[in-house]
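Naming follows writing order (A, B, C and D), and every chain is counted from residue 1.
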Amino acid sequence: MQGDEPVMDIAHLGHVELLTPKPEESLRFFRDVMGMTVSGEKGDSVFLRGWDDYERYSLQLTASHTSGLGHAAFRTRSAQALERRVAALRADGAEVTRTGENFGHGESFRFRDPDGHVFELYWETEWYAAPPDRRPALKNQAERYPARGVNVRRLDHFNCLAVDVRACREFFQRTLGLRCTERIELDSGEEAGMWLTSNNKSYDFAFTKEAHGVPGRFHHVTFALDSREAILQAADTFLEAGVFIETGPHKHAVQQTFFLYVWEPGGNRVEVAHAGARLILAPDWKTITWTEAERKKGQAWGLKTIESFHTHGTPPLPDSKR
Amino acid sequence: MQGDEPVMDIAHLGHVELLTPKPEESLRFFRDVMGMTVSGEKGDSVFLRGWDDYERYSLQLTASHTSGLGHAAFRTRSAQALERRVAALRADGAEVTRTGENFGHGESFRFRDPDGHVFELYWETEWYAAPPDRRPALKNQAERYPARGVNVRRLDHFNCLAVDVRACREFFQRTLGLRCTERIELDSGEEAGMWLTSNNKSYDFAFTKEAHGVPGRFHHVTFALDSREAILQAADTFLEAGVFIETGPHKHAVQQTFFLYVWEPGGNRVEVAHAGARLILAPDWKTITWTEAERKKGQAWGLKTIESFHTHGTPPLPDSKR
Amino acid sequence: MQGDEPVMDIAHLGHVELLTPKPEESLRFFRDVMGMTVSGEKGDSVFLRGWDDYERYSLQLTASHTSGLGHAAFRTRSAQALERRVAALRADGAEVTRTGENFGHGESFRFRDPDGHVFELYWETEWYAAPPDRRPALKNQAERYPARGVNVRRLDHFNCLAVDVRACREFFQRTLGLRCTERIELDSGEEAGMWLTSNNKSYDFAFTKEAHGVPGRFHHVTFALDSREAILQAADTFLEAGVFIETGPHKHAVQQTFFLYVWEPGGNRVEVAHAGARLILAPDWKTITWTEAERKKGQAWGLKTIESFHTHGTPPLPDSKR
Amino acid sequence: MQGDEPVMDIAHLGHVELLTPKPEESLRFFRDVMGMTVSGEKGDSVFLRGWDDYERYSLQLTASHTSGLGHAAFRTRSAQALERRVAALRADGAEVTRTGENFGHGESFRFRDPDGHVFELYWETEWYAAPPDRRPALKNQAERYPARGVNVRRLDHFNCLAVDVRACREFFQRTLGLRCTERIELDSGEEAGMWLTSNNKSYDFAFTKEAHGVPGRFHHVTFALDSREAILQAADTFLEAGVFIETGPHKHAVQQTFFLYVWEPGGNRVEVAHAGARLILAPDWKTITWTEAERKKGQAWGLKTIESFHTHGTPPLPDSKR
């Protein structure tokens, strides 16, 4: 049987840009509490990384009047793959802008998803070169294990809110060739959530329903820690540092990720997570669709989904929508 | 810069066939101690699986006069990918045999690597359908978590011995388009080990130097457990079950896998391992080459590599070589 | 400074007798899901144990018309210590009954606390003698690690409900010389909870407020697992076995125990817990008193205390009290 | 049956004084790598503590011309218990010296064991009062979780070398009433190791055979971490910090402690360890005696005991003994 071949042009999520109205406190959170390394500064942005991120940075923290997602950037699998995806986006009617000067990577191509979030694709990148005091003992590791704070290993994924989740999913499948591993479909037929991947991780990003009709909002960014025990330790670290813990640690039913959610000082939701040994190895993985009834059961071990999970996003809602 | 595009035709390692001269004891080991599920029997073979393996089986255990590797099988990313790889193998001069009748998957194509090990490629496969008593609580999981023995999650990788490691690596890179993430090069220039991957796992299989000049031998097969703590628990489970523990638990310097090696009753070496949150996300990962001096340092935290690691393989050496 | 010397006459909690109206299902739960060993049967009772319990059993499961606590038994530190505590109980006005024929231990002395729960003290005991198939590999261990279900290590503590928590605490301090490590005092001055220990564990049992004025009720019994990761694994095991998970895994603020609560088929609440490396080493530990406001903050990492935690106990409330 | 009652006069190990010829480097090791807090300085000593130690300090680090044990101090269970033990020591012929001025605790009584190591008993002590920036979020905790380096939780035990292990054991049993939980007896009848406890920990200290006939030497001091995973993380932290890892992580057969041994810059061996949920609850625990053959089997999971474990101690051997 000959079917369509999977598109493998997107290699992985490269970095996420977070906007923060409290840049100094946000920086202290990511550097001192999350244990990330500052690997650059430019304009209103500070660039940070986890010890296993191979590129120069995975988080761009940008001072702004408000919070939310600046943009999310994906590295393609080759120069040709980048060309193909830009062509596919344009063929689909997307407005794609080339930006030549970028911190830490080569030219990139920017576009908006149907909900207005800004995405970026690039191929050429700068590999992290550890300065002497950050050089690891083992040469197959990007940077020294920090033994500080939460010890973020690497960027894992992010989650946007969208008014029309289905339209966004179909856009990303059509233009980038991403695969939908899991989704939530309400009794009404509306799509309440979807998880997309470009590789063997079970998702690179998710979109969930924005309940107030406000486009372009952000739900959370997630960093991978190295074990579930590390996430339990992180809970203590957050507690001691006075960081607001929203929910967790617990295990999601969807995707089975072991999770812990906090809010960084700028208001953005941040997750630390661990997937165990879970990988999506099947190239033809069949999308798992969760029903409204199944979703109401809460998380894997019975924790009810916290109310703010459906309401809190960044930037904050306009007064008219609260 | 336009370079060659990575070949993405191989999706993942699908299953490994182990030969055992003690089929009943080996079966008890994999089922009762490793906690795997028997999902079929045919001829001299019993088929087993971990709870997260999506295909019907990941281990074929075949009664034989001796031990060692029967064959290792890889699933391609599509029907077209299978055709391309078979063509590439034939173009390279390999003798490729089509086998139409297979347990649990569609037609496959068999060939030998330069050292004589049997490999197989296939596309069509049978997804595991859990009987009622093995059905999981969460619909995004292949099978119920067993809570028995070592609780093998899924097949991870295997390791062959080879007389000419370099020739084998180049063969797999040339014909299957696999990527070499790490390798060992002795001061003499000889290649003593190489680790190849088709996806985001840091390796699907490794080849290390066979010291006695005997081709076609096998070093070990590895199953992924869900945490490092699970591997420590496994050590107790093996101890209580009277299974010979060869070395570990410890962390490899190469690939940084947390490991534990035992010998199953048939004589084959079996590893249980956990990679933490480590993935090879870079599509253009630069091969790490370890020197002879670095290798002599032992494992990550200083454990000396055990002597039998360089000598024990299956099948046993002929008397003339001991 | 010469103060009173601590009374060290009680050595540790020995066993708990649970009543169940569904004895066969309860037995399957404790044996197959909890991974405990059946070490005896007598009359309406089955006796079970964790692999690290040194005595013959730590749980007596007794068929009954209802659920709840049969009795809780403590081993004294010596024969003389037993005599002293019986004398102290009698001097305090308690009715103490000697029972000569006991399964697994010598003569015991029974009495009721002010809320009516039955307690028992004994000194002579039967050490568990593992049959060949349960003999451990290491001679400093009571029984083979089961590698089955939840792998209960040992009995840890239990929790009763009481109408007058303070009166119960003072009774146990006065008669048994137990130490109160933590307690909850409401704004009204009423005592809502107290945790008592006889040794270096931070508690052997707790009493919390019974909200309906019904005496003699039971809140839960707790078994120690060997790590927090084992408790996360237990959550999956319970989920797969269809066991009702009430709350957790999470970390208590009080005592900082990592916990998971389920209901066994007979209706009794059962906890699996892990204390990390926490011990009460100070012989003059100063009782920690939590206020009503502090208690309302929920558990250590912010989980709200589940409503049923304040209402569900065994036996069930009489109809008039619901 | 009325037997002797156990002596409960010693409450727990309070602190260990380590001598170091490299005081600044040793301090950096314990503070920055081990994650301990400096809680005082006096004369040639710096005082440090783990976040769960309830007393002001658990480690006294003293600049000296050489390495080794300064002294080990135990807190008694009461003022009367202190008097009783001093009397018992003197009755046994020990020379006991009273020292009135002590950092962090009241008057103490010093004496030497038969091998010449200095021990100290005290009752009155100073509870750690955390300054604002070290105050924990939970009031039942001594100090904030550091989230730095190895995150030492508390002092656990220490190990001395002795020429006559049996004489030392009998001395401590006779004078302090300690209980021997495990010991090693060689085929010759000589005692090669013994583990003593005053409480529910399986040991407060151990003595093992000094092979060169040099008295007063020290083998290691051990700090408890909160999980086995924390010890695996510590291995990485030591590796990155360039600390010499001697052996581990692995599980001891004796006492079943999960261990990792390193050498601090002053030359003293330091262990980080975790006991799981293991406690010695039986007041009449029967000493486990390991034979020479059992000891030769190595550690629990088969790791051979490293040669330096039998030779390296502090202070270094005199030239005449090497």
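What we mean here is this: a residue touches a chain if its C-beta (ideal position, glycine included) is under 8 Å from a C-beta of that chain, and two chains touch if they have at least 3 such contacts.
Since the structure is predicted, the reported quantities are computational estimates derived from the model, not experimental observations.
Starting at chain B, what is the smallest number of hops through touching chains needed to reach chain C?
The distance in steps between these two chains is 1.
Going by the touch criterion at the top, tell me which pair is linked by more C-beta contacts: C-D or B-D.
Higher C-beta contact count between the two pairs: C-D.
So how far apart, in whole Å, are chain A and chain D when each is placed at the average of its C-alpha atoms?
Averaging C-alpha atoms per chain gives centres 46 Å apart.
Give, as an integer number of Å, the spacing between the C-alpha centres of chain D and chain C.
Computed value for the inter-centroid distance: 31 Å.
Centroid from C-alpha atoms only, then distance chain B to chain D, rounded to Å. What do you get?
Comparing mean C-alpha positions, chain D is 44 Å from chain B.
Indicate the residues of chain D shared as contacts by at least two other chains.
138, 226-229, 236, 239, 300
Going by the contact rule set out above, which residues of chain A touch chain C in the complex?
Touch residues, chain A against chain C: 227-229, 232, 235-236, 238-239, 245-251, 258, 260, 300-303.
Of all residues in chain B, which touch chain A in the complex?
For this pair, the touching residues of chain B are 1-6, 8, 11-12, 52, 54, 75-81, 124, 127, 138-141, 153-154, 156, 182, 199-201, 224-229, 253-256, 274-279, 281-283, 285-286, 288, 290, 294, 300.
Could you please specify the touching residues of chain B with respect to chain C in the complex?
Contacts found on chain B: 33, 35, 136-138, 144-145, 147-151, 226-227, 229-230, 233, 236-237, 239-242.
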